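All remarks here apply to the structure that follows.
Naming follows writing order (A, B, C and D), and every chain is counted from residue 1.
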Amino acid sequence: MATSLRILAFAGSLRAGSYNRKLLANAVESLRGKAEIDLLDLREVAMPLYDGDLEQASGLPEGARAFKARLAAADAIVLATPEYNTTVPGTLKNAIDWASRGPDNPFRGKAVLVMGASPGSFGAVRSVMAVRQILTGLFAVIVPAAVQIGKADQAFDEAGRLREARSLATLEKACAELLRIATALKG
Amino acid sequence: MATSLRILAFAGSLRAGSYNRKLLANAVESLRGKAEIDLLDLREVAMPLYDGDLEQASGLPEGARAFKARLAAADAIVLATPEYNTTVPGTLKNAIDWASRGPDNPFRGKAVLVMGASPGSFGAVRSVMAVRQILTGLFAVIVPAAVQIGKADQAFDEAGRLREARSLATLEKACAELLRIATALKG
Amino acid sequence: MATSLRILAFAGSLRAGSYNRKLLANAVESLRGKAEIDLLDLREVAMPLYDGDLEQASGLPEGARAFKARLAAADAIVLATPEYNTTVPGTLKNAIDWASRGPDNPFRGKAVLVMGASPGSFGAVRSVMAVRQILTGLFAVIVPAAVQIGKADQAFDEAGRLREARSLATLEKACAELLRIATALKG
Amino acid sequence: MATSLRILAFAGSLRAGSYNRKLLANAVESLRGKAEIDLLDLREVAMPLYDGDLEQASGLPEGARAFKARLAAADAIVLATPEYNTTVPGTLKNAIDWASRGPDNPFRGKAVLVMGASPGSFGAVRSVMAVRQILTGLFAVIVPAAVQIGKADQAFDEAGRLREARSLATLEKACAELLRIATALKG
């Protein structure tokens, strides 16, 4: 049954070598075969900074429409966010701000697993909190699982896999919860 | 099917005339007949301020054990919280802190609808946010519905019912979401 | 003495008709003659979305450097922020993220008054909270004054002035606090 | 000049062996000779859980009045808070809730340094954030310095002193900032 789920996976960073891309890849690996995965790179849906005048004049820009379409086509979402200045990066928030505009809210009712990684000790915990708050406000159902990877510069091996067995187990349990909740909500 | 659900309902205030008791009563009315309701008054489970030395010496106090038992017996939770000083009241947080101690976490996996009321314009929105964050941290599944009643001193009629049709509709939709998500998670 | 202060004033919105531009104009009016005001339009310092690879390749973009220079030249800051999706707009956060990069932190030690306006009842209170948190993390000194204007679509008269005497008094007191704290910190 | 300052110091925990008491003691040591220190143990000002009916019937309880008096007599405050369930402990929040009642707000205008310690990696960072938000709402001036001690069970030597030179330097710089800002605001 779970294999009929479609999950959108993306990292909230544009940087090619982003720790959060690596973290996301570990989640995708864990979900593979259990759901259909749509792996999105935010650079594929480039959009300008949100500007109400721009929206009024020309509607949603192409990247925002593409991002909304990818979100809308998914049953559930997994994302990995960096933390900049104690909270959600402007880049990720801007993408969510655009996606929240227009007639349909693509987050509504969807199970979302919010993970985070940072080079410091805090593992992007404040950014994870902020993204959960934002997406709850958009009527998503947050999967209550704590995947917050600190010292991310040392957390991945050369193949990009989480080094610590405990971190990997936490991530795998979180992915299982995402599948369980998304399946329950869809069923 | 939904009638097999057991929902614990409580307000995060000790005051007899609390606006949040009134708000909670509206939710209980909306849920009646659709689930078994256990209506809790926090004064029934009086507990001391959390103190790690007290816990070490004597374990959980009686009120905390009773609160945990009521939480544990429920499939889902609806609560209404005041806002004191921009966030969760100490009284409610203290009850949650005690309930989070000991071998079993009674919030884990349960759907929780967090509502709020306040006499000011903000409708306890910051307290609702804080309680959602706290309970997500305890692995509850937050029902993404916004029941935040501002100007609460004028919001209820003499029978205690929400005056504004729009507020009542929002509350009823939120209660339906609680039932839907709790049923899905249990199923 | 206070007249030797230089205060940077900006709104966290790009939209020309922004309520927060109007709110900011009220603060600028209140501060006029008491400090030198540098009124910034974020559109003057247009910058791309933050991207670590872009920063690595080409350093800070011109708009970000210009924004940092305006911040650095100020003794204190007043800003007015919209609220998008329960928190800071991506656009404003992106500007702060860029400004936080590079050798000098232009927010350090500066008194900042964070105001907010929104068409809803909450007056951008969650965005104000978020911006305070972000700027405290960047070592600014937050002026503890609550200028949060709800129902902003009805809050300003045709000349753009706050209609309610109480709101105006709150704003004027907040501006006086900004001057007092900035002067004390500089002195 | 700074020696004329009176600083209230307290930890947000009742437990005798609290890490936050130890952290506070390090701050007190750093401040000694530079200000008059009033070291408060929250157990000295024991108070019931906040209850609006109790307040209505009998006013502020003795412990709350004593706490308010100690706060009121101080020019500035340093506190160290544990983190329970991702945010401020109920015990500390309850004390602040009581202290915020009645005619005078003893936090208004005072410089406050908020520190935190926890046995986990996050160093109580979310609780520090929450306490800053609460006290900003009560019109205190938050000292923007990050003293957040993770792995607190290993952070102190047998004499109770912070083991890591870097942590101690951060704390000492934060205490110097508290003195500087409190002195500026008083002057």
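The rule is short, and it goes like this: contacts are C-beta pairs under 8 Å (C-beta built on N, C-alpha and C of every residue); 3 or more make two chains touch, one makes a residue touch a chain.
Only a predicted model underlies this, so the values are computations on that prediction, with no experimental measurement involved.
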| item | value |
| --- | --- |
| Longest centre-to-centre distance from chain A, chain (CA-based) | D |
| Pair joined by more contacting C-beta pairs (A-B or A-C) | A-C |
| Homomeric contact chain C-chain D: same or different residue positions, threshold half | same |
| Whole-Å gap between the CA centroids of chain A and chain D | 36 |
| Inter-centroid spacing, chain C versus chain A (mean Cα positions, whole Å) | 29 |
| Numbers and ranges of chain D residues touching at least 2 other chains | 86, 129, 133, 137-138 |
| Residue ranges of chain D in contact with chain C within the complex | 109, 129, 132-133, 136-146, 181, 184-185, 187 |
| Of all residues in chain C, those that touch chain A in their complex | 13-18, 49-54, 84-97, 100, 130, 133-134, 137-138 |
| Complex contact set, residues of chain D against chain A | 86, 121-123, 125-126, 129, 150 |
